[in-house]
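One chain, chain A, appears in both complexes that follow, with chain B as partner in the first and chain C in the second.
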Partner chain A sequence: MSIDISQFLDTFYEESFEGLDTMETELLGLNPGEADVESINTIFRAAHSIKGGSGTFGLMNVADFTHVLETLLDEMRDGRRDVTQLAVDLMLASVDVLREMLTALRSSEEVDVVRVTEIHDQLETLLKGDAPSVEDVAVETPVKASPSIVGWNVSFKPLSHLFKTGNDPVRIIKELSELGSIKANVDLSAVPEFDLLDPEECCLSWQIELSGGATEEQVRDVFAWVDEDCELIIDAITSETILEPETLKVVPVPDARDEAVPLEPETPVITPVAETKPVKVVAKKSVAVAAKNPHAAESGSIRVGIDKIDALINMVGELVITQSMLNQLGEDFTMDKVQRLQEGLDELEQHTRELQENVMQIRMLPISFSFNRFPRLVHDLSSKLNKKIELKMSGENTELDKTVMEKIGDPLVHLVRNSLDHGIELPEERVEKGKPETGVLHLNAYHQGGNIVIEINDDGAGLNIDRIREKAIEKGIIGENDSLSDEKVHELIFAPGFSTAEVVSDVSGRGVGMDVVKRNIRDLGGIVEVKSKKDVGSTFTIRLPLTLAILDGQLVRLGDETYIIPLVSIIESLQIKAGNVNSIAGGAELYKLREEYLPIIRLHDVFEITPVNTELINGLLVVVEGDGKQAGIFVDDLLGQQQVVIKSLETNYRKVDGVSGATILGDGTVALILDVAGLVALSRERVKILRNQAAVA
Partner chain B sequence: MPTILAVDDSASMRQMVTFTLKGAGFNVIDAVDGIDALDKAKKTKVDLVLTDVNMPRMDGISLIKELRTLPNYKFIPILMLTTESGTGKKSEGKSAGATGWIVKPFNPDQLLATIKKVLG
Partner chain C sequence: MNMIQGLENNTLAENSEGNQYLTFLLAGEEYGVDILRVQEIKGWDHVTMIPNTPDYIKGVINLRGTIVPIIDLRERFSLETIPYGITTVVIVLRVNSDNGSRIMGIVVDAVSEVYNISDDSMKQAPDFGQAISTDFVMGLGTVDDKMIIVLDIDHLLNSSVLKKISDQGDINS
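Let's turn to the complex of A and B:
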């Protein structure tokens, strides 16, 4: 029988990556010179698991690599080797290599052999270089297969405790018989009187003659599990030492264990372990699916706590009860039961909402998944930059949607790198300023309203307002005479192509980053802000929606169509006063709102639909803000507010400018969700073009 | 069919062992570490224990020692899953009361052959 073990590979990869994360965290916590046994043990265990798994699943290059690493760790664990900075750094590099190897293997790509060999050799060198003085324990006796050997005489005298190791002499003798034909002679002389007999003790011994071409090693292998629990003498039978036949008495081997342990042929009882069962089922299913679809690795799986699954099952139970209640009510409905119908519907609504919340919960992961990479990043970067930096993290348990988490990773890394590179000063510079030598980078996350807020705070030099202004003028982002508040100047760092770093470093890249960071965050429906004070530090604040799947929307009517404006982007809605509308050259319109002029967006123009009315005074203006800029959207009427489930327009149709998605309303019709930032940009662009056209004309 | 308690902190090894043994008709109970295993061993009667050595919370060696103090587990075969590098672990496990060991890495066929040999 042969079993396809590749179906367990996904689990193996997943747990290996987790193991590597653990190793990394523990390695970063190790202080050179101190052997923290607990930490080293944890690291060893993780490496050991990866080695065992990779060997089993046939990933021999991973197994070989981990073996060297494990040997190193084993020596540290036993105190035979010191924990040096060199060793820690090398082990961190090994973690990286393993991660790369496993990533490559998982996506069936080539492993970077050069890099693997390089680190592997460094590990070997470290191992050999100052190898601890240990005697080699395993000294193998060379096996000589002498042709004159025709069999073996085995004297097998188990010690009295043999049964207590779970071993059974009969099984061993049976196994021996597979090597050739045997004649066994049982020695009953040590068996005491019946009333003195202790059935838990073994008091039999055997003289066994094995004939056939078995090697001594094969014979010893049979007794490998019991060689410390018996007296064993193995003598070769050569052609000269053939035993005389009459001295042999073949005795059927009594099954000593039978009297020792009465094994009742019971059906094994499996105690149901209720709380783990549902999860097991889920896990199995995902394994089965993964096996059918070997490239599904990238689609990813998610680990869900049992409590969340239980809550879900609970909710479904409630829902089923409500449904059957409503069913019953519907069977013989009369008007006097309206009250009960209403109650039932209320209940249904409540359960549906709770179910929705619970389902959303499943996708929620603590942000520590994203934060966990930073200790390593800060460790590596601070040594590269010769800076002293302490990383503080708080709110790691704040949960957010898995998709949001995956997409926020890169922007976060960029902001952290930026703070380390440009924010925190060199130690001597800090001392000069009267600050502690070690800079502090603080990552914080918390929930606020329906958002998650992530803060990246450093106590570094702060943004240099004069330099940013100079640079912005130089790059033509602002005019020479533009007067800007400090906050506005700070925002300039998010402008495309802006970089104040005098030397382009490989740490924060070539200055193409900040605008990309801002765009990525905007794509997630979030915003990023910066607050900074010279020599006190900077704080970058990212605000993100908790999930990308559901949004609070304001329904608006335009002609026969219903559109949805995300509630977060609406500032206010107002009745249009004709006196405040200014038409500018080219046909664009501006609305004067408290000394500010807002471009008016006529949606029917943008989407080319027939409006019911084109008179501004007959409609309403919804003032929205997208990407820091405001505009007014002209609509016929405001309808209700509700949570809507976002469906992608791109996957179902194609990308439409000014529309971020669609949803299905209660009556079954489709409503488009407006991309406010896109619309605002669109309208500003339009105003500019119209102005220019007018100017030319 | 006999019931086997399979103990390993690695989910992939657990899955592989469970799948292999169940495929051969055994009843399998799995556990994630020594403490979990001990708990499950006390609740039900198993015919053979298969345990990893390096595990968090309670390792395989301690598990074997604990199991051997339970009346039901005095004579039950207990096999360790160990790597070749762990030669020291073999004798440590033996003195704790292990019946024998299976060397990692192993394939499902080797695992079944050994289990069948032990259970007769």
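Let's turn to the complex of A and C:
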């Protein structure tokens, strides 16, 4: 019987990526010099499962790579090796390489062999060069030139229950044979008479002679799975004819572990310059990875807690009961049962809503999934930028929809990079300003109404208003004599093609950033704001809807059509007083609301439909806010409020300006959902066109 | 035995001979569309208007939970419009475009027949030089001495084409 293991491949990839995330988190938490054994164990376990899994699925390059990493971790775990910054950085780079390898393999792309080999060699160098003890070096270093150990004698005596643990000695021996040529002798002495033989017991044992350059680690590793189910003796076979160990000690072995400068001629010498190299590679590559990831994640799966599923099943049960109750009621319905029918329908409504909420809950994930990549980012960038930065995170358990989470990742990364690069100053500069040397970047998330709010706060230099102004004038975004409030100037950084970084670094500063950030967030139905104070810091606030699938809408009537305005963008609705309406030349109408003047958007004009009434007094004004700007939408009537399921117009048609989607109302007809920000822009365009036409006439 | 084989050959030949087309009437002419593309045929009903779209886009309807745009083919071909009557129907079609398939509906005067038209008998359409660009016509088929204009709906109903035409419309007006 053979099992098609390929069906588990996806699970393997998912678990491996999770394992890599764990490794990354733990590695970042490691303090060089005083490593926590528990963390190292966690990292080791993650690496070990990836290695085991990749071996099972025949991904030998991954298995080989992880093996080296695992060996390194094993030495650290046993206290035979100190945890140095270099080792941690290298392991972080290895995590990246593994992630790239797995990503490439998953999408059947080519693995970047050069890069893999580069890191692999660095790991090997570290393993050999920064060796724990002189003897080991003596064993390891001369392997190529003059092996003092030519092989191993392995006595492998499985305990009788070996088969029951699912292990097969044949496989183990096969694996061993990959390390070199083997000669194996089977000891049959323990085998009982044939009629006494229990086929489920292992009665064999082996004497295996392995020749070749394998290390003891490698040999032991083959038996890792059966460690506790056998008696294992491994002896080295040394060749007395070749060099004496004493002479080997002459090979100069550096003692300086922290610098890790192996002087072996055949291995690349790591100079202090090289020390920063892996970090650089990491930073550059992680961008590429981040860019590729969403593609792979698109069709991913979600892990859902059993309790959530149980709650759903309970609810479906109740729904079925209500349904059968209603069924029974409907079979012989008389008017005197109306009361019970009403009750039944109420119950149905309640259950449906609960069910809906719970299904939405399943799609909700804590934002820590998104936040988790930032410790790494901050760690890499701060060393690259020579800045001291402390990352604080709060509200990691705030939940939001998986789709929203996937799409908010890149904008968040961009904002964080931006804060690190432009916001927080160099340590010297900070000291001069009387601030602590270490800058603080604070990521915070919380729920507010139907929104999730994400704040990115730094205590850096703040936005430089003068420079932003200069730049905006230079780029022609604003006129030279425009007087703008500070807030307006801050908003300019979201304008397309705007970047004030004096030097375009590869961290940020290509000027394609902030407007893309803003657009991405707007596409999600959210907004981004910035508050900044010179030398105190900046705060970017992102407000997003919790989910993309359902929204609370206000139904409005306009002529014969029904439209839906998202409730979140409505500030208030009011009866129009004729005295408050002002017209200005060029066709724009303003409504005086308290001390503010709001532009009035006549929806029928913008949408070019025949209105039933054009008199403002006969209608209502819905005051909305979109894109930070307020406006009043003139409608005929307000209908009801209800939750609506968003349906895309783009599936079968295309994007329509001023409309964010459609929904199906209770009577089966389609109603369009208004995109308030788009509508404001659309109406402004219209006024402009009108004005131009007027000017021409 | 021979007869059965002969029959089989016959049916096979018939199947391979041509495709089935659903034909419909539009201003006295008979048009055809590949029947495999037809999702359903339904009567004209209320549509929800979409703002700022060309006139021939009547609006959208709810087709079992998906939003489907409806196009008036008379207006699309710049033919004289007539009030919708009892024979007016919406043919819901699956349209293939570069980014997957879309569902769209066309409003026509009436549905007519289903015909087999062999590829051989399909003639290249001459250049009309008017409203119906030859791009939208796959060919002209002949059934019982009647001409059937077989439409290339992928081309006709592709959204990018829709957009282009709407831009042209603006220029013309």
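Please note the rule applied: the second predicted complex is superposed on the first by the 472 of 697 C-alpha atoms of A that agree within 3 Å, B and C clash if a C-alpha of one lies under 4 Å from a C-alpha of the other, contacts with A are read in each partner's own complex, and residues count from 1 in each chain.
The criterion applied here is as follows: a contact is a pair of C-beta atoms (placed from the backbone, for glycine too) under 8 Å apart; a residue touches a chain by one contact, two chains touch by 3 or more.
Keep in mind the model is a prediction, meaning the values are calculated, not measured.
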Touched partner set for A:V114, first chain B, second chain C, both or neither: neither
Touched partner set for A:A695, first chain B, second chain C, both or neither: neither
First, second, both or neither for A:R654, with chain B first and chain C second: second
Partner chain(s) touched by A:E608 [first = chain B, second = chain C, both, neither]: second
Which of chain B and chain C A:H48 touches, first, second, both or neither: first
Partner chain in contact with A:A578 - chain B first, chain C second, else both or neither: neither
Contacts of A:V670 with chain B and chain C, given as first, second, both or neither: second
Dominant contact partner of chain A by residue count, chain C or chain B: B
Shared chain A surface residues [contacts with chain B and with chain C]: none
Complex contact set, residues of chain A against chain B: 1-3, 5, 7-9, 11-12, 14-15, 42, 44-45, 48-49, 51-57, 63, 67, 70-71, 74, 137-138, 163-168, 171, 174-175, 200, 224-225, 228-229, 257, 260-261, 266, 268-271, 273, 287
Footprint of chain A on chain B - complex, ascending: 1-3, 9-13, 15-16, 19-20, 23-24, 27, 29, 40, 43-47, 52, 54-56, 68, 74-78, 81, 83, 85, 87-88, 91, 94-95, 97-101, 104-109, 112, 117-118, 120
Contact set on chain A toward chain C in their complex: 561, 606-609, 647-649, 651-654, 656-659, 662, 664, 668-672
Residue ranges of chain C touching chain A (in the complex, touch as defined): 46-53, 59-62, 65-69, 102-104, 159, 162-163
